[in-house]
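Below is one structure; the comments refer to it alone.
As written, the chain order gives the labels A, B, C and D, with residue 1 at the start of each chain.
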């Protein structure tokens, strides 16, 4: 139990890289893995680590995020003391409500940060998915006496279009001596998982100081500039890490769930991933169903062929329909004798009968919410 | 029970008239009556009428409103089916999130309105306070076959600076034949209580039609223009009605709670007013306390003199302090031997020892949140 | 306490002995049903969907599992500020206490619970029926008839009527006669064990019944006949949806299989009448490249590497490669090893079946299948070793039963 | 079910006969205390503030009031997804059931409840003490000492020690001896009735105790002495805050009055250690132009038109004009008519006192005040007519007691 830590999740990340999926929602609210939203993984990781005070910094388009989280009861965060706090931008005559960067956003939440009773803060983004229990990282942070500990994983490849790709160089003791953001060449295999632990008082000092110098980005303006003056340590995480740098990454990381080892890592039953309960019925297989190497959520009705795909809750696959290598989101329908391959159907999309839709592995077609083909 | 009605509360009213009290909150969130916020009265009236689907249309500065309402559990509105829905403005690239008027706001909530399963909608604002059970009004609406029924009360005087003062002229059957907004001369004693009941389908039609004609205000552009074409009826409400037209009205209506009959009307024990629970202790009277004709909330500690005043939760009145004709909001403090008269102290204000502060009956002094004198 | 219009009292006391090994540590209403549910989810969801927000669950047998399953009532939307769901075991009042002696006695002992809400009407339910019913329509009928009591009835085949409590009614649905399991039924209207009473009337008759030393304190046997005798206004409310008593292994099996017909005899995927339950925290199910699944219900947490036909798989079930499951019900978290065959069987919760087993495949004459017919039944928490064969109709309730 | 580090078991079974008329329809832990609370709010809030989220409340006497008071546990922040607060009456297991025969037996009968959470530690609490205690500090002590059991102790005046269970400890706080109400106490460390056990050890000893036909199945009398005899590692954890057993009318009265000292002996207005309770839905209290209130606690829903000195008024109390209340406790929703005098009295819930009454003012020699000393006590739900006089120390529990 990590009672002396509170969580702070920044969900205002630029989200252009996920194209149509983030038109009306933040990355945190993007569906993932058949019945989840991206935020579920970080939030569950925090809760499973015994953290029960979590602030969620939202910027725009947070309506669907609030809908999803509700009072936080699925994460057991509907509490009288502590719990889940949505921190929307404060729009007044003087304030547009658009943050200039992470440090600017943190600055506007100083009230919440100061009120939080815990000594340490775990600061994360929302576009990196994993199922971790932070206990070890917190223990390491205390043992090394670090100012800030950054969780990292080994990422040998560089994404085509990386988002805030922060690379660490550490010595044998894991002390960080170099940090680089979005480097042209791969400077290190150690890539930040966008999770930082530090004392709350240090965060407050850093943010106040940055703000008074008109500096607004936590990574660029604080971490990188202070690499030598702060005691920064890396914490190596060896579990599966899904970074949603691009739509291709999003597609690939969903598909990775069809591998037993990835699925067992991300859905470790010792520390489950919580999400909004929808009271769907069991998935129903018809007499003509043929499903292989696929993940199927409750409420689906399948009477067609599904291969190498992820079906979210309540998807209908009619007789003769064939779905391959695709992600079909909640309540979408593929009607009789239609073909869907390498496609992402956002919520409520409908493929009418006798149609065909085919993308390519590195260019999956995306159908917007409620589109009808 | 009025199972076939849902509530829709518009909280985006212009709020300049309450001066400092609405600097950082909407009128709905303004403290009232010792432990309430204005919204509590309408919301409780709806809940006590058996309405358990309520949409709350917010504009800006709704953070403290969300804080107050939480998941709606104090109003028993934390439900799986129906419940409380916060409807914030949807800010996207094309949408500034600032509504052009009530009809514009309603237009942006058409999704929620259409999804609601109830046949009737009760549309209200948030700056009118009363404790009504709408059952009679709903029954009358059904009996008369009205298109829209407007709740009104008898208001003989005209406010100096009325806010959306809608006056009704009705015939013997309560059918409305004339409507006037903010009339120069008092055209009728019948003033709208800002509560309208109609079929949901009619509301949708009116709002869609108005919007397509670039008309944005429900009262000015719809009700008044259609007085002769729609079947409008008045429903007379004889209970106490507090309209917060101005700071003086706000002050006077709080003070009215010190009259037994007003208090018994607004806090009718058959249909109580719910509010956020704060687990305060009992109010504590010291040996030097002298309190008369005052309303005192829990958590207060009083060792001074309090007369003709309203004390919110957790107010401290030290020995020798004298408070008269004032409204002292949550967690404010009046220290030793200070005098406060005709004043409104917003939350957390502190009057240090040996100070004096005196307003006048029609010009109460207002101390902003957390001010220190 | 705020007055309630109607309060439901659910009789969940049964030890469910006819369900045998499935209820050894679970009260009958907590037996799993339909892939995601427990039997008690049905009456509770019916209450919630009928806008009844206060439910007393009367039980005296193993209340702990029920207590922790129901918890704060949130899954059924019954975590209300006033009202909600309460487990009501018998308690000591004054100087003495006693167990519930019958259905009517259970309600009699909880009159104080009802008195807190002082309802106009009381709805009596049993905890072992599967059906979707809008009790608010029955209440409306009850009010319109100005009845003292209303009994929900369903038409049954006349040749089976002798197994039920049968109502004889006039043209106006008023009950003239009530016969418990009549030899020569005069009607095909069977009581569903669902009653609405005017609370005051109910209180009066429960007090009379409690005084009667000869009474078995049962609604069907004592209270309702007495009320009829005293010319109370009692009406029969006809229900014509799906309704099944799942008090036996066979009927429990059949009711599960009824969900697999096309269209299903009982439609659970009904947005206007959701059946709520406590959801396990598990990912979507996974069907491997080798999996063949048809004509089945499969739910969250399942992993299927084998073949599943015409079966119901509950949460967290694992079916290994080469294994064939047919016409069967696999209860939550049961695990079936590789290359095993299972046919027309019920495998209990947490039971592990090894590899190369034959379950319900071979026929043996020495089997006592009086409880199950040709359904093979393996109890909860069992461990069936590799290469075991359990013949058709056998009931495995302890280690020694496995050959 | 997720494993819990610690689960609390609260003994709320007491019929509270010493609290007499205040518990005729309420279990002792549900007796009002301190203006806004019930006694049970204190151990429950202590649990909540100590981050213990699973509490079993064992009761067999009038569980309904407790059941509906605790509800879903939300007021104490105990409406958790896993865990929460559960009322645990005795139940039928297998073929038989029996009432709780003692404190240890109550926990023994609920071992299945504990087994669901398989905790490392079990905290045993009683439901009739007023105190604010951080059990997590006691747990830390228990872990550091690698104890089998830890008993919370408080120093009492040595001349009163013979009324308590007294611990004799070594320098390392290890308990050497436990004496229940010793005639010649060897120490002033009294047991608070708060224990932490290692769950496995507890289970083992409860099973031994259940086998022992001569045992009274009591923690203090049987289980703890036996563990000491068997050289278990048992330690005393010293608590030095306010602690009061409120099992008698006098101690209940005194504990209420302790809140009125300056500063109060027990500080309830403590933002770091809130006492939670079920809040009534009432407006702020109103003090009229004629009211005089000093040195008192007054809460929501009260209306004071008279004089209140050195008294505690619970929610919804009304005191009419001309009336003087002194050194008294007015329980929830009691109403005191005009021109009445009340001195050193406890007026029960919902009791109505008429005008021109004298309560606890006149002295009468014929009063049996063995229960109350000089405190006058009027039971719940009474109606005291105008001009009645109830002499000092009298207990009014039924209509005939009013002269």
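Heads up, the rule we're going with is that a residue touches a chain if its C-beta (ideal position, glycine included) is under 8 Å from a C-beta of that chain, and two chains touch if they have at least 3 such contacts.
These numbers were taken from a predicted model, which means no experiment stands behind them.
Contact count check for B-D and B-C (C-beta pairs in contact): higher for B-D.
Distance between Cα centroids is largest for the pairing of chain C with B. For the pair chain C and chain D, the distance between C-alpha centroids works out to 40 Å. Note: centroid distance chain B to chain C, computed from Cα atoms, is 48 Å.
Shown for chain C are the residues that touch two or more other chains, namely 74, 79, 276.
For chain A, the set of residues touching two or more other chains reads 73, 78, 80, 279. Every residue of chain B that touches chain A in the complex is listed here, in rising order: 24, 60-61, 63, 66, 70-71, 73, 78, 80, 86, 88, 90-92, 97, 279. Of all residues in chain B, only 1, 3, 73-74, 76, 78-81 touch chain C in the complex they form. The touching residues of chain A, when paired with chain C in their complex, are 33-35, 73, 258, 263, 266-267, 269, 272-274, 277, 279-299, 301, 310-312. Listing the residues of chain D that touch chain A in their complex gives 5, 51, 77, 79-82, 274, 276.
Interface of chain D with chain B (complex): residues 34-36, 74-75, 262, 268-269, 274-277, 279, 281-300, 308, 312-313.
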